[in-house]
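Note that the chains are named A, B and C in the order they appear, and that numbering of residues resets to 1 at the start of each chain.
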Amino acid sequence: MNLQLTEDGRLRHLLTLDGLPRAILTQILDTAESFMDVGEREVKKVPLLRGKSIFNLFFEPSTRTRTTFEIAAKRLSADVVNLNIATSSQTKGEAILDTVDNLAAMHADMFIVRHAQSGAAHFIARHVAPHISVVNAGDGRHAHPTQGLLDMFTIRRYKGAFHNLTVAIVGDVLHSRVARSQIHALTTLGVPEVRVIGPKTLLPTGVEQMGVKVFHDMDAGLRSCDVVIMLRLQNERMKGALLPSAQEYFKFFGLTPEKLALAKPDAIVMHPGPMNRGVEIASEVADGPQSVILPQVTYGIAVRMAVMALLAGTANT
Amino acid sequence: MNLQLTEDGRLRHLLTLDGLPRAILTQILDTAESFMDVGEREVKKVPLLRGKSIFNLFFEPSTRTRTTFEIAAKRLSADVVNLNIATSSQTKGEAILDTVDNLAAMHADMFIVRHAQSGAAHFIARHVAPHISVVNAGDGRHAHPTQGLLDMFTIRRYKGAFHNLTVAIVGDVLHSRVARSQIHALTTLGVPEVRVIGPKTLLPTGVEQMGVKVFHDMDAGLRSCDVVIMLRLQNERMKGALLPSAQEYFKFFGLTPEKLALAKPDAIVMHPGPMNRGVEIASEVADGPQSVILPQVTYGIAVRMAVMALLAGTANT
Amino acid sequence: MNLQLTEDGRLRHLLTLDGLPRAILTQILDTAESFMDVGEREVKKVPLLRGKSIFNLFFEPSTRTRTTFEIAAKRLSADVVNLNIATSSQTKGEAILDTVDNLAAMHADMFIVRHAQSGAAHFIARHVAPHISVVNAGDGRHAHPTQGLLDMFTIRRYKGAFHNLTVAIVGDVLHSRVARSQIHALTTLGVPEVRVIGPKTLLPTGVEQMGVKVFHDMDAGLRSCDVVIMLRLQNERMKGALLPSAQEYFKFFGLTPEKLALAKPDAIVMHPGPMNRGVEIASEVADGPQSVILPQVTYGIAVRMAVMALLAGTANT
């Protein structure tokens, strides 16, 4: 019944980390590990996806995310075509499926889909022929599974295991597809304590039902954490009634060296980027010794290569 | 005197199907047939254009058409560069030729040209050095020859031959470069009866001189047809005095299952895309058993590969 | 102390021609010479940068310049990713460095940087890790070194040597990064007489200190020149108080056949493009026998390939 898996339990699409079995998560992380050296080679290229046609189908523009997938696909030797497709709120799902059908008729192998509406990647995945895979590169507030996976890869690299960790996610959980993907993955991988920290206006009602502990006081929430994941605060949140000001927000929920000192001494600091320095994170922390923000980006390429190779059935694991 | 052929009769540019000899049309279709399996392979790539530089020179934006050429070129192993060049009505032809000369000086091998003005591709073809080929990817209301060719390829695939067919083209012939290309190709390939069906306001005056029969009544026009080609109705036509409304248009000239029943039982339905469902075509027909609209897209890649390989002189035929 | 050179004197970044030793300039020109035949081959490709990741980081859009670097990189078999990054005047340098750090974390090998602000490429070069190279593809009014180099390559090809030449640069020197790069290179390569010709409003104050002779009268300035380099006049200069009108400008500083006749009979005419025909140059001259404007473009690809291969350490010289 899981749209993401084949009948014999292999990865067929990557749409969300919600409901993805631990064995699959671990397989992706292990495969990513095997791609880590490609980025270090003189010739950063393996022929695993040679002659495959991958379409970056971006209904919402994102140079940054598109670049990570484009680089990962090119290092796998795939042919990549970028499509920025403007949609209006009037665009019917029918028009999207006609676009998808057209690209499928050109013998597409994989769609990397980004869309402002939650559920768009699922909608496309339910529609495509069996040999085509869909990767969700972010849909509305719903999910951003490759980001969640690279975060798990980062935690495993620095902490070795998941079963003994306390992980805090700090900030605008309400509007964050990244946070949703992280919580699902952390829970599945056996992290015993996942905390979310933020003002009431930025935490979803009933978030406790996802298996997390809720903190509105940052000091209390950070205490004894192994991993601190900061979320990006969208500037537009400031304009409405949700938040008083960036300065005020930073005072209460910005990560400073002082606040970070409440976590374990070897705690790592993560951020999905792009950062708002001085809003959700101080530059001293972002650029400090506990920050693993840039390694996250490096791992992101290996993780996306792993996902693509597993979907194409050409990974060695 | 034909700009499109070399002195010894080989294809030099592809600008229009008007005046292209039947032998050349047939050669392109046969070559496309030989490329049909490339899209089915594990590695969808042949090295015929390796190290060639192809420029998608799009003075009018079209993600869809650009994608078909980009995919075709990449499957031939060419290096493709996309250029979206904004032009204003004040842009002089001189500026276009300076751009073309610059790209030619970079050792360009082929230009795929799209322009809002009729004749733009011819203008460029008359100017370039002998080793450079130009493919018209749509110029104003004038021609869209690769679309016309893929339509012929589709008809031949489904009907086997041209000499015994009745083909109807329905809709906005007046503004359609696609229709012009289709009529030229159908006539050249020996289709005995080509019909155009549409309201007086959307048929060019004197269209009979192109060798077609004119129908303003859709029922009469569809009777006993083997092939029904629907044209896209541009939304902007509705705004002027040309048409009353989309609903009204659909009532008289939209292809419904009832109207399609007037054609031969094995008639095929074609559309160049993108479709306006509920305007020129009902979804039941677009997605029905007689529709070959998605196969058209598949064939379009093989046809564009054939055109490029023939122009580069590297096709096997 | 030179940011552009390694400790043992090899090219590390290409940011400006100011201060670049003659030996390095000559090495680039010699290497470019060795790439001249690649553009003439059936397969226009060498594997020198295979598996390298090159980012066209364009903070200021320029289809034309981006295309020259993209083609050069593809002919060297590199993987190229184009990024058009919109910046506002409020964008902090911090945000640019975060972008650069992110791409570096993806194992970037080279950044081709274009930015409206002078010094942007230097700013990035000072920041990146030792294995990453930066090429300045134009920064504000400051420098455009690959354009300067291709101009030197052109002069050497047509004139054989530099030590016996008189070279005139005509037009809007004040706003031209191209002119600055040319003056530095000409001086370094030993051209005994470099002249700048233009109205007072378009020449920088104190330009004589760059080692050039200043002329406000075009006839006097062109006399006995071996090389005449015309600069593009930005249309926006007309709007302010700097210039009366395009017609007036053409009358005094436009290059006509009559004015060109004052230079040596075998003088060559250069222009960085795109030309404003009838403003700074007459079409008879642009398309005439003394014009080497299109060869400049051809040489530009070889020069950019040379710069990239030298930076990557894979050139044969």
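Simple rule for what comes next: a contact is a pair of C-beta atoms (placed from the backbone, for glycine too) under 8 Å apart; a residue touches a chain by one contact, two chains touch by 3 or more.
As the structure is a prediction and not an experimental result, all values here were calculated from the model.
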* Contact-graph separation of chain A and chain C, given in steps at minimum -> 1
* To do: Look at both sides of the chain B and chain C contact and report whether the same residue positions are involved, with over half shared, or different ones.
  => different
* Asked: Counting in whole Å, what is the centre-to-centre distance of chain B and chain C, each centre being its mean C-alpha position?
  -> 41
* Note the residues in chain A that touch 2 or more other chains, in rising order. => none
* To do: Report the residues of chain C in contact with chain A in the complex, numbered from low to high.
  => 50-53, 79, 81, 83-85, 94-95, 98-99, 101-107
* To do: Please name which positions on chain A make contact with chain C in the complex.
  => 39-45, 63-64, 67-68, 70-71, 74-75, 273-275, 277, 283, 294-298, 300-301
